[in-house]
Structures are given as C-alpha cells and as structure tokens.
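Below: a set of structures, written as structure tokens.
Same chain, two partners: chain A is paired with chain B first, then with chain C.
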Partner chain A sequence: MNEAAPLPKGNMGEPVARIDARLKVTGDARYPADLPVRDVAHAVLVTSPIARGRLTQLHTEAARAVPGVLDIIAAGDVDGELERPQFGNSGSTSIAPLHDRRIWHDGQIVALVVAETFEAASEAAALVRADFQAEEPSSGFGSPGIEIIPAAGASPLYPENPEAGDFDAAWATAEISIDETYSTPTQHHNPMELFSTTASWFDGDVTVNESSQNVTGWKNTLARQLKVDPEHVRVVSPYVGGAFGSRGPMTPRTAIIAHAARRLGRPVRCVVTRKQAYTTQTYRAETRHHIRMGAMKDGRIVAFRHEGWELTSRPDNYVVGGTGTTARMYGYGAVETKVSLVKADRNTPSYMRSPPETPYVYALENAMDEMAVALAMDPVEFRRVNDTMTEPIEGKPFSSRSLMECYDQAAEAFGWNRRTRGIGSMRDGDWLVGMGCATAVYPTNVAPCTARVRLTADGRIRVQSGSHEIGTGIRTVAAQMAAERLGAPFWSVEVEMGDSSLPPAPVSGGSTSTASVCSAVMKACDAIRARLFHAAVTANDGPLSGLAPADLGIADGRIVAGARVEAVANAMERMGVGEIEEYAEFAPEGSSADAIANLYKGKLEMRMGEEGAKVKYAFGAEFVEVRIHRLTRETRVSRLVGAFAAGRIMNPRTARSQLMGGMIWGVGCALHEATEMDRHSARYVNTDLQDYLVPVNADIQDVKVILVEEKDTDVNPAGVKGLGELGNVGTPAAVASAVYHATGKRIRDLPIRIEDLL
Partner chain B sequence: MRPFGFERPETLERAAGIVAAREDRAAPPPLSSAQFIAGGTNMADYMKLGVMRPNLLVDIGRLADPGLRRIAASPDGIRLGALVRMSEAEENADIRIGYPVIAESLQQAASQQIRNMASLGGNILQRTRCEYFRDISWACNKRDPGSGCAAMDGFNRQHAVLGVSDRCIATYHGDFAQALIALDASVETQSPRGGRTMAFSELHRLPGETPHVETQLMADELITLIDIPAKPWARRSHYLKIRDRQSYAFAVASVAVVLDLEDGAVRDVRIALGGLATVPWRAQEAEDELKGGPLDERTAGRAAEAAFAGAMPREHNAFKISLGRQALVRALLETRDMRV
Partner chain C sequence: MKRLVSMTVNGEEIELAIPPYRTLLDVLRNEGRLTGTKKGCDVGDCGACTVIMDGSPVNSCLVLGIEAEGATIETIEGQHAGPDLPHLIQEKFMDHGGAQCGFCTPGIIMMTKALLKENPNPTESEVRFAIAGNICRCTGYAKIVDAVLAAAEDLRKGRTL
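On to the complex of A and B.
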C-alpha cells in the first residue's frame, strides 16, 4: 500500500492525486506575483522604526532623485481618493497608514515608493527619511500603559463568556484540584510565497492579483476603499503558497497598491519582504491562561474554569476566544470562563490555523495531563471518564463524537501500552524517552456557497466556484464530488476557482470549504441529474421511458435503472442541448434569508459548530514520543501518531496530508515558533527564517495519520467535517505531556526550549 | 539595493592592489568601501539587508592561483586553500579520517546549497548573525561604530557570554573556526606588503572598545591558506553542535574537542567553544584542568566549571552558561568514547 494514499474505509472517497499535483511539483503553478503583467512598475514599502508616536515629516528628495523613481505616496496623498480600511469581516485592521500620521505599531507603512525596477524602488525606499515624535510604547503583557478590557461584547464574534452551573460551589467540593497558568507566544505567518499585490486598471476596471482566501470579500472591501462599484473590481488568486489565515482578511496594502496604479496610470506590483510582512501582515496573538480544574478521586471533573488574556492592537478588538470550544470539550459539571483583551502598541493580530483552539486547547489539554498525574490515572482513561455525548454548556447532544475511538486506535498504533509510567523511566542510551497524548478538536463550521456546473455532450464537466485552492486540495475534492454525482470519471472534471468573477464562495477559513463547496457542487450536480432523469423518463421511446426519476442512478456516463441503461449523451441529444449548466446556491440550515445576497456582498454568514440543535465538532487524539538528551536537554520528536474522525472523508490522500501537515506545525508550535519582542521599543526582533524557527525535515521523523471511520448526516448535505485545522490542535499539549514524562518538568509556557529543561 | 562597482581580477596581487589603491585602505576591513567576495553567501545577504554597503566588490572567485583551491594532505599536516568550498572540505577523505572535527563542523553548518558555494576563507571571516546587527534600524556598535548596542538590554537569548564587552555581545556563529582553534591551525595571508602567517587563534579580535574591528587583517589583505599541523591524535576529535532544531540552524552552543588519551588519562587536549563567545574561543582553563588526569563525567564537569568561570550573562542568555558546561561535558565524553 502507498502510505500517502490510504485505502478508503467506510464513508470515504477515493485517494486520487491532486488535480494540480504535477503543476505544483514541477513549478508550473502560477502564483499571483508570477502572473505576467505588461509594463508593470514596482513598489517598495517604507515602514516605521518606532512603535508609537507621530510622523512629523517625510524627506523624499534623495529618494526622488534615484533614476527610475516614478512616484512616492505618503501620508495625505490618499485623502479623498481612498476610503479608510475597516477592521472586521474582510479587513485586517482599521489602521489607515497613509490617511493618518499616528504611528500605532512598529513597522507601520509610512510611504510607498514606485519605480521602474524593484532595485530602483528598493534603493529609493532606503533613502526616504522620516522624522517622528516618538512616544513610550507598551509592548504587551506586563508593560506599563497597556489597557485590559473584557472580550465579551468587544467583538461581534465573541458576544459572551460561556458558562454553566455554579463553579464556586462545585470547586469547593472537588477532592483533587489543579490551579495553573499557561501561555502561548506571538507567532507569525511565514508562508513560502511572499505576500504581494499587483494591480492593473483597464478602462475603469481594476484587476488585483494577490493570494487570497476570500476573493469575493476582498472585491467588495476593495471597491469600497477605492470608491468604485464592486462590478469594476476583480480579485484573482489562482494558487496560494501558504494561507492558514494569513490571506483571510485584506490588509491596507492592497488598496494602497490599487490606488498607486490608478494614480500612475500603469500596473503596479509590490512584493513585501519577509521582514516587512511581520508588521504589515497579521499574526497569532500571544495568550495567557489561568485554569482551575476540580475532580473527584474517581476522575470525574466537577468544576472547570478557564480564563484567557489575549493581546491585540490599540484600535482593533481582535478576539481569539477559544473558551467556546474548551468549555464544551468534556463533561465537566460546572463551567466558568472569561476572556480579556490586552491592548498594546502592536499591529492587529488575526487568524492563524485553528485560531482559538491552538492556544486554548493547548492550555486545557496541558491541565488535563496535570490532572491525570494528580489523580494517578492513565491520561487516556482520564479522558474516557470525562467523555460525553452531551456538551455541558447548553446540554445539547453532539451530532457525532468519536473521540475515544480515536484514542483507542491511535494508542494501539503508537504502542501506548509499552509506556512505563515513572518519570524518566524510559531511556535510549543518553536520551530520555517520553510519551504523551492530547485531544484535538475543531468545530464543524459551514457557510453559504454558490457553484456553477456545466456538463457538455462529450462528457466533460466544468465546475466553477469562487473558492480558493490554498493547498488543501479543494479543487480536487470538488471535482470528486462532481464526478461522483454525475457518474463521470475524475479526469473529465475541470475546476475553476480563485477568481471573484466566479460564483461566490465563502472565505476559505474556519475549515468550511470542503463542506460548503461540496454541498453547493452537489446541489448543482443534482439539478443536472434531475434534468437528465426527467428527459430520460419522459422520452417516448427511450430505454428508461416511464420510470420514476427517483429510481434512476448515474454511473460510467450512463443513466441506470437496474438492467436498463441510457447513455447520458443520448439523453442530451434527445433534449436537443449541447450542454447542461446549473447554478446552485447552498445555504446551511438555519441561515438567514439574506445569506446568499450577503455572500455576494462579501459579508460572511458562517454557521458555527455550536449553533443549531446539535453541537458539531470533529475530534482526534494525538500521541507523541520525544527524546531529550540527559545532559544538553534538546528535545527531538521521534514519533507522532494521530487518529482523527471527521465525518465523510472526501479524499483520504488529501485528508492525510492536511492532518500530517497540521501535526508537524504542532511540533513547531511546541518547540520552535515564537516571535520575540524587544520590550523597550515594542518591536519584533527575530523577523526572518534564520531566527524564527520552524521544523525542517530533520526534525520530523515518523508521522502516522489514522483516518477513523465516522458518519454524520447532521453536519451538512455533504456529510463532511472540516479537518484542515484539526491536526495542529492537540500536538503542542501532547509534546508537553511527553516532555513531562521524560523529565518531570511541566512546561506551561510555549515554546519548550533547551533552557526550560536544563 | 544600492548600486556598486564590480571587479573580477585574475591575480591575487591585482585583487589586493585594487583595494590598496583606495583612499580608505586603512579602514577596518568591515567598514572599507571595497570588499572582497568569494562564495558571496554572507556578503550578498548582508548587502541586500543594507548591513554591508560597499561601493566596490572585488570578486576573488576567479583568481588563477591553483593553490587557493587545493586540499593538500602531507605527513606535516593538511593545507586548505582559502577558496576551497565548504562541501569540498567536508567530503575530503583525508579530512574525514584524520580530522573528523573539521568534517563534522562543516557538515553541521548552514545548508548543503550554501556549503556548495561558500569558501573556507570566507567562512572563517563570516560576520555575526546578531538580530540587531542584521537589521539596520537598530543601534549597533559593530555595524555603525558609536551608535550603541540595542542587544545589550534587548532580546539577547542568542548572545555571547564569553569575551563580551560593554560595547558588544554579538556571538561569533561559525562552526569551522572552532575546529581550527582546537587543531592549532594557522592562516597565511597576502597583501601588497607581502605575506604573513599567524596562529588562527590570534586572527579574531575581542570586541573591546572597537567591535567593528573583528580581525588582525587589513582591508587589502587576503587569507590564502589554512594550515593544519599534523597531529596523530586528531583522529580522536569531535564537534558537538547544540541547536534549537535538528538542522540548518546556528549553534546555541557548540564544542570542538581534540583529545590525546593514553591508558584512559588525558595526555593532551584542545577545546574550543562556539555559539557562546564573541570570537572563536579556546577554553584553555578547561584543558589545563583535564591534562594528566582521567576523563570521566566528574572531571569533565570540573573542566566545564573552569571554562565558564569568567562568563558574563545578560537578561536572556544565562542558560548558555549551564548549557555550555553540559555541552562541554557531553562533547568530552563522546570524544573519549570514539573508536579510532
């Protein structure tokens, strides 16, 4: 068996290779900055070296004297031309760098230099000199001058703190208790593909080539900022070289570049340096947690309290808010939660793969491991005792929950029963061996989506939907869905995505795409089937004449009812059509009446896993083996095993890849990733891939992904639970658990580094 | 990127002469307006970042002298031309067998792609990877003399604990240099004033009051050869590199050991430390502690104490003292246990 293409179990599709696999591995896939644009000018950003204050004067004479410089755009130059960016929905921040002279954060854009060549623009940008009236900045947690506000109500995405029962009373009854604090650091997106914007105007229409997870949202946001009708804006993003939330909300640069192109009367391209991306793009906020957990000696948790603090910028209330998930994870008894925002002189954080779950579940699962130790229980058995089919906040049933099945399958594959319980009891020469585990969870969200499907008489199928191939394999699974519903071979399907001129799809975030896009594609395909079936049964002389449409099926290019068959092409010929095209709108159960209209306007209406009569979550269990040198204490992850259940698996190959990638990212989160601050200046220090470490090949040895069979008809028509953000959720806590097992040191602050273990 | 001139001379004399003819020929080499370039892996990177701002690059990659590209092993030792690529040296059989510490230090440095480009001469002159040095928006005495040191009270986890001054705590990040220290290597140089030879351990200068002066070289002086004397016991030599991930990362701490054991006792030993000091660092106090005695975890621990007696930590790098000690103990034990 090819391990990369696992054989499908029940409720799983075929492990077909990605539609774009060859393009990607041969370098033929074109990313936005690769798309050829005639006569393009090059732009380079000039950014602030201070984190707080005012820009008093910009000296551009020397820069303008550089041969080839075409334009310099600075504060004041966009007044009346460009609306201010907004925070929320499709916008990353309300900080309007060229509207205001106030400096809100380190590395804020203060000017844009446009030139004939990238080299001339870079040289000129280095010659722009800015004078500032600097003020003392607050860098974050613990700094003087920060402001702390309640998160509940500060953002429409976090209306209230979930709670249930009387925590204080239950806490008082607990026989064993845990009362600890945990933290996760700032983490930055470092996608392979650098961030870029290319804007071209033609006859009043603007086309923007930029990697995006939300072309429809951006089209509308950009139109508002440029003061043009959305019909005149097109956002194109055929491939994305690393998204994970970094290309979800649009940053202020996009409109600035579009404006620069309009002003210059010429296309403009800006590829942002990695260093500048640290301050002009978004990042994962650092968080702190205080967890109290009380249990009885038999292992039942009776009281759970999770308080979180999250960093955000001064002007924008970005809320991570992971208590919605941690409060529903186990059958706790009484639950109390609270989230606060810590406002400092920093750029606005935003989404990064499983934004709420990564930090919050890390804290919870670390506490679970501590409690298992305090109870002298096996950590797997401790979870089994507290497993529940009813979530504790509103008492709603889970639509499906295969958590313990995941634990059992992963534990067996990992060899958990070979683990000896004593701290440091397992050794391999000079290396201490530790084993640990943790739960992975991600809500099953779904969003309104549209798609157009066209079947031509030669049997070819074209699927169009303004979703985004961000590396997940969405084009491939959409093609699989169309092929299956229309009884056609996979290779006969072409899929167009990544263009705002296509029927709109939701933001590719929240692990919604497979569920939403496949549900819309399925609906369009079913409309085509209905037309074909109607033609087949109403024909006077056809082989299927007179049958009920409900009795028909479709396979191998033929409409089938038992032994009676008719070729699809024949049916179409009889219909007198060369093609059948259907456009479908899918709105999840419980959506508002305006859901599709809002989708066209770029307004997101995501239905979250907690909404509705049942709670919809995907679960997994992850096991980790670490090796730590007894003297020098570096941690190496020698084995990872994860088992995950996520409803229908459209494609075991792409599902495995996503989960494996997530687990590897989780190793980075556990051991490597952290953006370091210079606290006095509130500036990031390690702003490149030399000092911001992520795992490389040598750090990842043996990774095993198990897809656990699960069927869930409640989640959405496609029966799919998103799993793109599931794999990385459990890993950091599982690593921390294994480190504890090896060394006896309980590390509560990520990342776990040599100095923590010496 | 700033515009710059480019010259590609064919002789060493011409290359040195181009720099010698410039007005600022007396400037410390890092500040000179003319810079030599060989593999370019450090220079091109730092020019893009604006850290190096030469008006003229003198490419020595095409110099005709074949000795510059030769690895010559003899009973007297091994001589490495300055333009030998890192990957060529690490793959050389004489080096792998006779001087494993060299091969190990090179193999664990950078990436294969970089090692295919980078010259040995350039490698030993590589400049610090201090974050505050590499981003020109920070104050840095090494980059802009007299501007201050942002690292001193900034985020200084990766900074040096040995050889520091109140002007600079930037770490010397190379790996190969530690092997050269431990092997008592020397370097030969050429300039318009002629050739000279110096002990490798004297090539680098402590930052002191002038962190921008990094070596004894003049701006128009080129390293031509690295000379490693024969040392039969160099077969028992080892480079241990501790880093935050498994590969392609600079050392948090590293140790080069060359060990002469006789009947379990240390007859002679050379120890160099990397990732911990401002220059390639010989731990002579540790060597003295070990000489003549048995080598076990206890004696190694005493040597490690001695090696860090003068260490000066800052806010975030105190762990490097304990890590450095542990790394030294581990490296000594691993070297002792080598089968040679």
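On to the complex of A and C.
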C-alpha cells in the first residue's frame, strides 16, 4: 500500500492498479499512430495564413514536383464524394474546408498533400502556394465586426436562461453587494498524443484508426460524410494519449483522410503537427462574466445575477452555458442569468475538461470570495450560511450534497485554522504566503450504454463495451464491476473497448463513462447471475435446490446461500453450457423510448444533472497555499488540498488520480494556460508547448486528495457520480483567493501572471 | 538516397538503411518498429520521445538518425528486470499510478533511468527538476515523483537499474 492506493472507506471499491498499467509502462500500449500499416502513404495538411477571406488560387506545381508526392487534394476535389461536415452531436464544426473556398479562420485546412514519406509530404506542403482575397478579420471580444447574439435558443443544448424570483427587487434590498467582471482566456487541450488519422479501405469497408472519445458517434458521422452505410465504417481507438474533450467531436480532417485513402487506393496516415492542431482541432472558448451578488449582513445571499459572454465561430453556435450550474450552486434567493455568444472569425470552440464549469464557476467562486471579504466573514463559513439541499431555480432537492463535509475535511487537512486573516499577514522569509479556497462542482450526467459480458466455465470474464480508455481507468473500473457482480477475482476479467464494432457506449465526455458503463455492465452481469441462480435453485438434487433466487449471492466462484454453496462451474455444467453471455442495454431513468436506437445511430441522449425530480451534482472543496516572492512576484502553488464526494467510488486509486490530475489542470488554468492571439490578424501566436504554458513537474509541490464517503442511490444504478471533470473546477478560484490573501490584489482575469502582481 | 547506419539498440547491434533527413525518433518508430517511443511535439518541447543515447537522455526528435551511427541507444522496449519481468522503474510506476493515459510514460521512464544512473539518491526537488522537461497532462505529477523516489529507495536496498 502507498499513497497512490488510498484505503477504501464506506461505499468505495478496492484500489486495484490499472488493468492496463503494465502495457503503458512498457511501451506496449498501441496508440493509433503506432499501428504498423502496410504500404501506408503519409499526408500533411496545408493551412491558411489568413483568418478571413477567400481562397482564389492554389499553386501546386512545385509541390507536385517533389519526388514521392502521390496526390494533392484541394477545394473542389471532394465535390460529390464527401458530404459537408455538420456542427453538433458528433461533429465539431460545419466549416467544410475542401468544399468551400471561403476562409473562416486562421489555420483552416486548404489542401492535403499525400506522399510516400512524411518528409516528402512535409516538404511538398511547404511548397504549396495559395492566393487569397483577404478581408479584415474580427479576432474576438471588442473587435470591430463581431456579432453578438443571445445564446438562449441559438443551440438546442441551451434552450433558456435559468432564473428565479425578482432579481431587481431582491438586489435593491441587499445590504452588501458585489458588482464585478471576470474573464477566462482561450485555452487548448494539448493532450500529449498528437492528433492523427489513419484510414485503410478493404473491399468497400473503411477502418479508421484515430484516438477518439466517441467511436460510435464518429462511425455514423463518418459514414454520412463518406456516403456509405455505417456498417462499412469502423473506428478503432484502443488507447488514447489524453483527450480532455479534444477528441469528443470529430473534426473535418477525419473524413478528408478517409476520402484521400479511397481516392488513392491505399492506406493514408496523417499525423497533425502540434502547431496545426491549434487551428484544425477545437479549443476552450474565451469567456467574460458580469456578476452581481447581494447579501445581508448575516451572510445570506439574497440576489445573484450571472451574465456571460462566450466566443464562437461565425457559422457555429457552440454554447458553453455554465449558468445552469452557477444558478443552482447556493441558496441565493432571486436569480437572474443571461448568456450571449460573440461570433468572430475563429475556428469553432468545443468541449474542454469541465466545459461550462471551469469558466463559470471560476467567476462565481471568485465573487463568493470577494463577498466573504466584504462581509468580513470566513469564506468557508460564508459558504456554510448559503449551503442548501434545495436548488433555487426549480426548488428541486439535491439527490445528495456533501459540500460542507468536503469543506470541513479539507480545511482540517490543510490547516485552515492557521490562516491569519490580514492581507499579506503570512510570510516565510522573502515569500508572501496566501491561503484560499473555493468550491468544485460538476453535474452527474449519465447516458444510454450497452455492454456484453461473457462468463466461461473456467471462471474467466470478458467485458465488451465501445467506451474509451482516455487515461481515466474505465477499463479497470468496468472490470471491477464485473468481478464484483460475478464473484470473480479482478485478474480474471479482460475488457475490450475503443472499437465501434463493440456494443456501443456513449461519448467519453461529461464525466458519464463510469456511471453509464458500470450500470450497463452491472445489468449484463445481473442477467448472468439470474441464469446461474435459476439453474441452481431448479436443479433436482443440487445443494441450492428449492431456494429462492433472491436469497442467493455469488462470491469466490461459488453461488452462495448461507452455508450452502455450489460452484459456478457446476451450475454451468448442469446447464450444459461452456459459457454464459449476456448483452445488456442500459437507458437512464427519463430516457426516450429511442434512447438505445439513437445510441447505435451515434445520436447522444445524455441525461443531465439538473434533469429529473432531483438534481444531481458532485461537490468538492479545494484549498490552496501560494507563495509569492516579495520582489519578483514569482508565484508558486506550494500546497493543494482537495476533498471530494462523488457517490460510490469504484476505485480509490483511479479516482484519486483523476482528481489530482484535475487539480493540476486547475493550477494550469490559474497561472499558466492561455492561447494568445495577434488581434490584428486574428491568428494564434503561441502554438507550441514552449510558449503555451502548462504545469511541469517543477511547478507542483504538495498535493493531497481526500475522498469523502457519500452514498447516492438516486443518480444511477451504479450509484456513481462522475469525477473526471470535478477536480479542476475549484482550483482557479482558490488560487485567486490565495493570491488576494497574500497580496491584496484581486485578479479577476485568468491566467494570473507575474505582471498582474507587480 | 538512403544511408546505411549501424547502432546498438537495446543491446542488439542493428544496421538500418535510412534517409539522411529522418530523425532518430522516426527511425526508431518506422525502420526500427519500436513504437514505444512517442511523438508528442517533434520539436523538443515535451520529452515524450526521450531515449538514452550513449548514456545520456536525449529528445530523439532532435537527433538525426544518421547521428546515431555507432551509438548505443536504450528505449522503453529494452527495459526489463528479467524475462517477462518489468523493470524496477516500470514496477514503481505501476504501483504508484504514475501512468494514466500512458503516452508520456515511456519518455518519463527513460528520463528517470538516466537520472537514477547519475544520481541514485535524488531529493524530491531534484526529481522534479530532472524530469521537468517531460510534460504529463494527466497525472498531476505527484504520483510520478513518488514512483521515482520509490525506485531510488529500492536502489538503496540493493536492487539495480
């Protein structure tokens, strides 16, 4: 045992090591671009150096003269062969780079060069020249030419702005008020694995090897674009080198590469450079916030107004929309919210780890900290006063809410009582010490999912479900669920995932996977149990004959009822079978009748945390200590403590990993990450890991994760709340709170950099 | 025009015909069929392609294949404690949850090996700075540092790299 494997508390599984740990530490885990493909041709993208205008002519003669060049595909070459991409569901954007000559954003794909080698394709791509009719682009917030529209109704995912009561009247009664603006920058996921697509056709069927968070969605999306039946498309993604949302929706490149392979009659692989990924993949939209919060002197909030503005592209209305969560966080009284989209000449943003919560909860929690200061209240006590078991928008109860338990456990572990209240009152030599805290929250979403489980007479179990191992440990927890339900050891389970030919699972996004996959695996296992139990009780002379199936259990390979036992293998022998296989379809409560059919068609029907008779959220509390140098203002996060409650914890080891990784994402969001833009040309400037700053090992010091015991039987059959996106939500505001405590500077615009503190 | 280059990879002397412009990373992954070494940026920013060349850790994306003429290269595929036994460092990474998505892991393990060869008794801070050039986006680093320190502790108990 070590710190990586916390001892399970109540309602927690065993902290087993990852089922695929060995493959990952030996280099044997094969990511899509690792796969050897016979006779593969290599493709390199040519992208636009302007952000707005029209491609008038492409000069490819010099490129075609490079030895080894096989094909160049450009605007017009896909007409009739490839349908346009669509925005929404499994598609990242409607921008159709090789259908149109219009340039919507910097770095838009304008051509694809295919050659015998990667180097030849790179050389030729550099020789492609393009003529453009350039227009003045609008880069984003504050630029001339942007269009601002209401988010409500602009996207089916954001029907209306949540509100309750009469905000104006309540605001007028407040004794203390906060009225401030906040902002978060453009950020790019930068998973460590480069984006790549490898497409191979055989006898009319195409196999695409690409890291994906949604193989079933992509299969269907790709089939539509390639104009083939989905049965002829297979998307394979066994290991994913980090995703964080970047591999949720399919980007236009995938179909272009599949088309190139079809046109060339041989497999094509395209590994996108990190630089080009900044413009051909998705990103986190820049946001602005205006918060008004009114409270009484006793600390009760009586009025809360959250208005957000979010950047998106011209053609696609991607909505971040975090007010659904912030409006329900505390017992505010009256609530008013509004979200607007700011449309500029940019590529379409998309999901990035805790898409709505990261920016919106940052703004809210920063305002909460400001209000605590204005009230001269301890920030933890301020949250306690406004904690509620009933959300204020529709008055629905929380299915469970352990927020203050998280605060209390984290505060104690952190040593919050050692904090002295005065600004700059804590010092360590030349370092100003600041302590802060904030709430983490993430809705408990769940989605339809299927799984197939097979138990063989020798006790081995195989689980199949088209989910995705993106680093979360989903294979491991699915195996734990099967082992537990079938009374078998963990090591006897193998799990197949990441392939669209498996029973479909939902997108690995929205922190739904553990809840959805485990609920489906549970259902399949229970069907196997039912068959075994039936055989055991209906036997003429078995040790369990005549008992009620409900009285039976299963453990250590045996069917058990008190002191009476029968080996599973015996029961199967009596049944005359060598294996039992069950396929199960799990549709969450409140799903439509077509939920499973839609899952097969790649149409996602996620049940969101705020839906249903009770609202469902996971909560956490994060405490941060920063040290800021007195003279240079270098800022270090010296300690982080987070306590989180997320229903049943399938595996404390992988849960801790997810939460800890999330907290460090939060540090990056607070202090490092921002994609900078040249506002004149609307082009990104820091498109590599040298200039796009992410936390490195030397940036991190002491990090502690506390798993708080919680039981919630309302969320889903597995009792699981997702936590992959919980850990990073509270950190940025906690850092901002600590920076204020150390320096007296309230930084409302992320990231917090040295220049903000001088 | 390809050039014939010989090098010793994971203890085995090999001869490869490679284009002179191909990076060592691409040579290992393509001609060498050793895809455990990963490409995370191809410009020396991320450390995912770290291999040990003549005893020193290098970003193999910043070395040309032809520069490896006569060199001794160690990659993740060559790390074992015995037949079918993971290497000490790999074992500690498994125990401490040092791998999540796993993509940066081979590079970090090779960097760890180079560190521990040079400094078998590193402090936590020395570990953090030694592998600061290997970016990990999943773990939050603490588990990696724990794994490296645990490997160092076992070295002190007499185990070998």
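Here is the rule we use: the second predicted complex is superposed on the first by the 757 of 758 C-alpha atoms of A that agree within 3 Å, B and C clash if a C-alpha of one lies under 4 Å from a C-alpha of the other, contacts with A are read in each partner's own complex, and residues count from 1 in each chain.
Going forward, a contact is a pair of C-beta atoms (placed from the backbone, for glycine too) under 8 Å apart; a residue touches a chain by one contact, two chains touch by 3 or more.
Bear in mind that the values here come from a model prediction, so they are computed numbers and not experimental data.
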If we overlay the two complexes on their shared chain A, which of chain B and chain C does A:N697 touch? Say first, second, both or neither. both
Could you look at A:A563 and tell me whether it touches chain B, chain C, both or neither (first, second, both, neither)? neither
Partner chain(s) touched by A:V271 [first = chain B, second = chain C, both, neither]: second
Identify the partner contact of A:N2: answer first if only chain B is touched, second if only chain C is, both if each is, neither if none is. second
Is A:D34 touching anything from chain B or chain C once the two structures are fitted on A? First, second, both or neither. second
Tell me the contact category for A:E119 with respect to chain B and chain C: first, second, both or neither. both
Contacts for A:A593 in the overlay, against chain B (first) and chain C (second): which applies, first, second, both or neither? neither
Which partner, chain B or chain C, is in contact with more residues of chain A? C
Shared chain A footprint, chain B vs chain C, residue numbers 119, 688, 690, 695-698
Residue positions on chain C within touch of chain A in the complex are 19, 21-22, 26, 29, 33-43, 45-46, 48, 75-77, 79, 86, 90, 93-106, 109, 127-129, 131-146, 150
List the residues on chain B that touch chain A in their complex, please. 1-3, 50, 129, 131-132, 134-135, 137, 150, 153-155, 157-158, 242-250, 252-253, 319, 322-323, 326-327, 329-330
Where on chain A is chain C touching in the complex? 2-5, 17-18, 20-31, 33-34, 36, 117-119, 190-194, 239-244, 271, 273-274, 469-473, 653-654, 656-657, 660-665, 688-690, 694-698, 700, 703
Residue positions on chain A within touch of chain B in the complex are 49, 119, 122-123, 126, 275, 430, 629, 631-634, 636, 671-672, 676-681, 685-688, 690-691, 693, 695-699, 753-755, 758
